[in-house]
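Note that the chains are named A, B and C in the order they appear, and that numbering of residues resets to 1 at the start of each chain.
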Amino acid sequence: MNWLDTILQGVLLGGLYALFAAGLSLVFGIMRLVNLAHGDLIVLAAFLILVLVTALGLNPFVAAVIAAPLMFAIGWALQYLLLNRTLGKDILPPLLVTFGLSIVIQNGLLESFSADSRRVFAGSLESASINLGPVNAGIMPLMTFFLAIAVIVCLNQLIYRTSVGRAFRATSDDPVTAGLMGIRPQRIFALATGLAMVVVTIAALYLGTRANFDPTSGPSRLIYAFEAVIIGGLGSLWGTLAGGIILGVAQTIGAAINPEWQILAGHLAFLGVLLFKPRGLFPRAVD
Amino acid sequence: MTLLETKGLTASYGDFQALFGVDITVGAGETIAIIGANGAGKTTLMRSISGVLANSAASILYRNEPIGALPAPDILARGIAMVPEGRKLFPSLTVEENLLIGNYGRKVDGPWTLESIFALFPILEERRNNPATALSGGQQQMVAIGRALMSNPEVLLCDEISLGLAPVVVRGIYATFPRIRETGASIVIVEQDIAQALKVADCVYCMMEGRVTLTGRSSDLSRDDIHKAYFGTEHHELA
Amino acid sequence: MTMAIPSFTVETRTRASTLSAAAVIALLLLAFAAPFIVSRGVIQELFFILTMLVLAQNWNLLAGYAGLISVGQQAFVGFGAYTMFGAVILFGVDPVVAILIAGLFSIALAFPTAFFTFRLYGPYFAIGTWVVAEVVRLLLAQWKALGGGTGTSLPRDATRDMVGVDMMRDVFGMKASQASDALTYWLALILVVATIGFIYGLLRSKQGLGLAAVRDNEQAARAVGVDARRMKTLVYLATAFITGICGALIYVQKARISPDAAFSVTDWTAYVIFIVVIGGIGTIEGPILGVIIFFLLQNLLADYGSWYLLVLGLLGIAIMLFAPRGLWGLFSDRTGIQLFPVRRVLKGGPLNLTHKGGPHG
């Protein structure tokens, strides 16, 4: 086994997992909501991109650019009309409603698209790679990884350097007092989910071009996203990237030993971190 | 000119009624104080005016517009800003960010900007990048006041700003009030510190158990009057 | 000055519950007689309803009472089933005995799973339980002796020679397969009665009061001396035990297992959650109502594939938003009827309180 190559693949895979997780992390940070349908929304976005590609003959990247505002609107509406009603002290409603949503999306997609495995074709880019000394790195995985970094940088800039970001943080601290500042928490939450859906669309683009997906692929993406967030530590986007990388490397090492062990290796790494550092590796000081 | 008034304002928390028909009038440029013991309903009154608690539309009028049913962001947009009880600064934001968020919902040109607030409370400029909750109580109160001022309000509501602060700190904060009054804003303060309230306010309302029991110009009221209205009993000197 | 001190008693019995107790006994007698009355197909459907009810009551106890919202109970269903298969195929144990062993092994599994998942809270706990279930599934899929990823079947004579089957053939003249269906049915019935009896007894006990306190306000409960963590752990272990037994029983009847089926999130968690949510979370009556509705819906929409789950999902969302206490909760709020009363009412004092609405008793 070429260790260097395995680890590199794992790191790059981590970029994809970080993309899956970034949206989840953002929404949880702002409104303490974990959307159990998050993975299914990634798959929904992937199907949306697929439809745009096949129906309009567009390049996948262009399709993603068109899909992004659509997903933003879907996320905004979802939060404003449905999920805002579940927010409150009780943890049961958001969990159960998003669980129900997950089932609805999965089965809606099954009815619309059948259970067949799909792929978004990115042409020659899929197999292109560049030579980095002793290893080869695929162009798509590299792009995914750097895009993950770019997304995290942008999100952090948004949250810490802009007026809207201040509003996000203030609302997360204290929605009532935020209202006294003229912030409308319902709209802020909707904006946050809409934004998360844009990140989800980017994640979906790379999911769709990299591997096969079908309507039931959602839950696994949710689990990877969740594991990345927990390993990295709640509240930190860079931590989420680190978590994603650790997960990715664990998976590729497991796969290199025995292809059947890839996913299990990831889970075991997650449990390992949970055992020794229940708050994750880089948790925010205040939660 | 009457800027803000409440007419027969009632409020309840579930089965518990906190306000029984309260009438308050605030004129332009006026400072009024609302005093009363704990549980008298003062904070409930503030929360009703600021929109945190919903009431019937006509029970609160601002420039003759019924605002009683409006939510907090709409109240701020009209020019009524609140310094909430307990400061309620945002822990995730620095001092400067807490100030900046004050005009998120109302961006109006006026005397109050980040610079002029730093001039009012110089210590805050030194601490501008610290997390807001790392400051002392008195400094946090300054941030809370500054935050409300950032929206250049026409009416400033101050709910129990002396709570938990040492008297010298309270005096220091109230010493800045003349500068705030100069800009023409009306101020409504809720206070348990009666002496401070009388010093600062033109007009005083005393509340007990959800009702206004006394009102008058602060210079006209005697200690006995206030005592009776505050506690509901005659003032007895202990021999 | 003396005062007459009124004597207070705490009661949970209501008029409706006394009536329903009699009805329940009659119903149970009828249920036990069912294998002699109805066809084998109906027995199999009843078996399905009963086992789903057991799973639902357990999930309800976990989520509605202990506040542990798990999306991973399929771990115990599958693990219990696989333990049973392992005991029967590898060690020749009688399936009925193997079911009990499955329960014990499930408790053993519950210890490490609780250890890991209790480090997480709220929604993260939920996903954590899901991950654990996946880990167990993936590990068992590696066990070649039990069919690995594709699974295996129970040998025919294993079910044919189950404890009691011979007796049933001799005494009642049943054929072997009919007898084993009847046996599993009766076991399911006993399991339902035992589960509901256990839950009802627990909720009426002092421990149950502590549990309700923990669910409503953990900090306050701790302040009055309730050991919240211990309560939750015990409930988690108990539900693992029963769920494991139920899983083993289900797969004795199915006689064929595979990792994907035994650990299916849809079958053992999604359906269960919807049953509890639609019926009414936090009550014993809720899951009973939920299972009936679920069964009717399933028959109604059987031919419509994924529409069935879609409808269930939408219904679940709607109920959670507009009737969070489920259909039984709506009914109970309107009428004040409780069939399994666990609310403690103070009787005999000057106030002589009547029933007033309150959360989950």
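Operating definition for what follows: contacts are C-beta pairs under 8 Å (C-beta built on N, C-alpha and C of every residue); 3 or more make two chains touch, one makes a residue touch a chain.
Please read these numbers as outputs of a predicted model, since none were measured by experiment.
Undergrad: Quick check for the class: compute each chain's Cα centroid; which one is farthest from the centroid of chain A?
TA: B
Undergrad: Two chains share more C-beta contact pairs than any other pair here; which two are they?
TA: A-C
Undergrad: Averaging over Cα atoms per chain, report the distance between chain A and chain C in Å.
TA: Averaging C-alpha atoms per chain gives centres 34 Å apart.
Undergrad: How far is the middle of chain B from the middle of chain C, if each middle is the mean of its Cα atoms, in Å?
TA: 55
Undergrad: Starting from the mean Cα coordinates of chain A and chain B, work out the distance between those two points in Å.
TA: Computed from C-alpha means, the inter-chain centre distance equals 44 Å.
Undergrad: Residues of chain A that contact two or more other chains, please.
TA: none
Undergrad: Please set out, as single numbers or ranges, the residues of chain C touching at least two other chains.
TA: Residues: none.
Undergrad: Which bits of chain C are touching chain A when the two form their complex?
TA: It comes out as residues 63, 69, 71, 116, 119-120, 122-124, 126-128, 130-132, 134-135, 138-139, 141-142, 265, 270, 273-274, 277, 281, 305-307, 309-310, 312-314, 316-317, 320-321, 324.
Undergrad: Can you name the residues of chain A that touch chain B in the complex?
TA: 163, 166-167, 169-170, 172-174, 176-184, 286
Undergrad: Note which residues of chain B are touching chain A in the complex, please.
TA: 50-52, 71-73, 76-77, 81-82, 84, 88, 90-93, 97, 100-106, 147, 151
Undergrad: Chain C touches which residues of chain A in the complex?
TA: 33-34, 36, 82, 85-86, 91-97, 99-104, 106-108, 110-111, 219, 222-223, 226-227, 230, 260, 263-264, 267-268, 270-271, 274-275, 278
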